[in-house]
Amino acid sequence: MTPRRVLAALGLPVVLIALWWLVSASSTSFFWPPLSTIVRAFPQTWTADPILHDVLPSLARLTTGYLVALVAGVAAGTAIGSSPTLRALCEPALEFLRAIPPPVLIPVIALFAGYTGATSKVVTIALGCLWPILLNTVEGVRSLDEVLRDTARSYRLGRVATLRQVVLRGASPRIATGARQALSIGVILMVISELFGADRGLGAAIVQFQRGFAIPQMWTGIILLGLLGVALSGLFRLVEHRSLAWYRGLRQSERGM
Amino acid sequence: MIALDVAGLAKTYPGPGGVEAVRDLTFQVGRGELVCVVGPSGAGKTTLLRCVAGLLDLSGGRISLDGTPVTGPPAGMAVVFQEYGRSLFPWLTVRKNVELPLKEKGLAKAARTAKVDAALESVGLLESAGAHPWQLSGGMQQRVAIARAVAYEPSVLLMDEPFAAVDAQTRADLEDLVRELWQRLAVTILFVTHDIDESVYLGQRVLVLSNRPTVILEDVPVDLPEHRDQLATRSSPEFARIRTHVYELVQLAKKGGRPDPE
Amino acid sequence: MTRTRTAALGLLGLALLVAGTEALPRLNVVDRRFLPPFSSMTVALARQLRGAEFWTALAETLRGWALGLAVAMAAGIAVGVVIGSVPFLRAVTASTIEFLRPIPSVALIPLVVLIYGSRPQSALVLVVYAAFWQVLVQVLYGVADVDPVVRDTARSYRFSRRTIVRTVVWPTAMPYVVTGFRLAASVALILEVTAELIIGVPGLGRSIGVAQSSGAVPQTYALVLVVGLIGVAVNVATRSVERRALRWHISVRRDL
């Protein structure tokens, strides 16, 4: 990367952080402690124990719920997307179910099993992440080019091969869109599920700081959560970048025409 | 030796009243022949091809490939579609595209590589093996589709207006490529086109279709030399004669002409 | 498949869902305490509709949603057009936007609770923060999509910057703005209801939380249904607006 690009990328963030530092340095406000205080509180707050017992369990629940949603969503979405009858049958019902804001599912799930264990949180995350993946998979499978299907049929590709090599790969750009949306929903639900019925977790820790008026510590939690969101999003983009390189090339060549 | 035997092929599309697209198509393609099919727009050329390819169910009649009836896409048949850009998988390289049907056939890696290389060599695209289809021009993409069909070593090669979406210059090159592959590999080809000149230039016979409900208007033999050349052949008097005859037949078909009862 | 067939199948699907919700609790496949029959949900809903509390809560939810959405749209469009039109700004802010965008707005909940408690301002902050990014990203796409030839033509005729924005940038960006509106509307509803549920800001979300914690199970479900219906209405309405805007846009572009 040329020095100019590095400057452009880092310039504004550095300026903003510096401004924050300077403006808050002399702050005596309760809610807005000096940035220097917050930074100093970081290593004190997030030692090995909280990381092990708060951050990691939260991430584990997120990963589990997300993966469950991914597998179930792609499987169901492929089945529904391949059959016009199934699609017509399920579409309005799915439209309704996906319009329910995911956090609202929490009280419903709480009715079933209370909200203290890890299972209820994983279920919440899985249910919330399911819809974007499911609906985007249906769309991706449905809109697969007819000529591709005919080609696969004419060369006698078996059902499994057609599914793996043609249907899923052809629908993968759409599926990726759904997976990306699901990731942000998953992070939101990871936090909210802990605010609702907390044992230990990142969101729970932040709330405890807030309730105990440990403001700098609360800020470190918020910043950590923000960094986590950014890191996960970056990771997703990396994976998407590599596996969908062909799609980018294809779109570029189409637009060139 | 008969490679493809079509007897009484009929196809009616479902819908209010039913649309009779094809009424009765009866013809045979001998092993190693190159037969072209022309007809007015809407004559059911593509319907015919899809039925023969096993992609479309018949309403009546019977199709046999090497003596075996065709009920679904048969082994031993390869199709080259008109829309090359949509028939090649964009997430695979050229090589992987050509290799895919061979994997399905169950060939070993070494055998596959040999056949893929040979096929790409024969269409002149061996250096582009590592590229993706959308990185290539339209003509090159259609060559890849042809290479894929050739590597499959089919009994019968079906081509559905493969050069309709390609510019005239490239079309001439591809026509010569088809003839060259046909002669070298001794493959049987059924070539559907709307281009009358192309059908006469390529084929040993030209089947002229009527309009809907489609029957065969006439089976025109093309008595031109084995070796054909874009310039010399197309300006020969024999070519002009056959071409005019086919042209008149197609005009007749457009006006609803039917074959003379035997 | 014909449209009537599609519609009929769709209704059948919904009917099956309702029937399942009615049958499973009655047959004791699912415990009634967890999932009451659909009929009892509708009874609870009818009772709700007769009370003033429901309508107040509904109004509060809709008001918070609409206000947050409006602020997010205004801010997103303004910031987006400015940044998008000036290449320097675009280059410099790109990394900051990419960094701030994935930060979940719920991270702000503890802060917002401290400052505003359970007043509607809490919800407003969350809604605006989340919806703003949806609008901004789309507006940036839209401004970037302006045909450089058209823009250069305008500049060679020495149109003022204001005129260029009005006659060139805006028509191109408008469909993207509408898409941003659709995405922001849905996100805004989610955050509004979330804020009500978690923080206790007045509205349907809070009603759901109260119903659940006091054990009024059919009522909880009834309110969830209402929120779902509002969500569907918002999605359907914004999608049809988007389709109309895009249709206009495509035909205009073709004529150009």
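Observations on the model:
Per-chain numbering from 1; labels A, B and C assigned in written order.
One rule holds in what follows: a contact is a pair of C-beta atoms (placed from the backbone, for glycine too) under 8 Å apart; a residue touches a chain by one contact, two chains touch by 3 or more.
Fair warning: this is a prediction, and the values are worked out from it, not measured in the lab.
Among the chains, the centre nearest to the mean of all shown protein C-alpha atoms is found for A. Chain pairs A-B and A-C differ in how many C-beta pairs are in contact, and the one with more is A-C.
Greatest Cα centroid separation from subunit B: this falls to C. We define each chain's centre as the mean of its Cα atoms; on that basis subunit B and subunit C are separated by 52 Å. Centroids of subunit A and subunit B (each the mean of its C-alpha atoms) stand 49 Å apart. Our note on geometry: subunit A versus subunit C, Cα centroid distance of 18 Å, whole angstroms.
Remark: subunit A residues 145-148, 150-151, 153-158, 161, 165-166, 169-170, 172, 246-247, 249-250, 253-254 touch subunit B in the complex.
Of all residues in subunit B, those touching subunit A in their complex are 53-55, 73, 75, 77-79, 81, 83, 86-87, 89-92, 100-101, 104, 132, 134-135, 152. Listing the residues of subunit A that touch subunit C in their complex gives 8-13, 16, 31, 84-85, 88-93, 95-97, 99-104, 106-108, 110-112, 184, 187-188, 191-192, 195-196, 203, 206-207, 209-210, 215, 218-219, 221-222, 225-226, 229-230, 232-233. Remark: subunit C residues 1, 5-6, 9-14, 16-17, 33-35, 91-96, 99, 101-111, 113-115, 189-190, 193-194, 197-198, 205, 208-209, 211-213, 217, 220-221, 224, 227-232, 234-235 touch subunit A in the complex.
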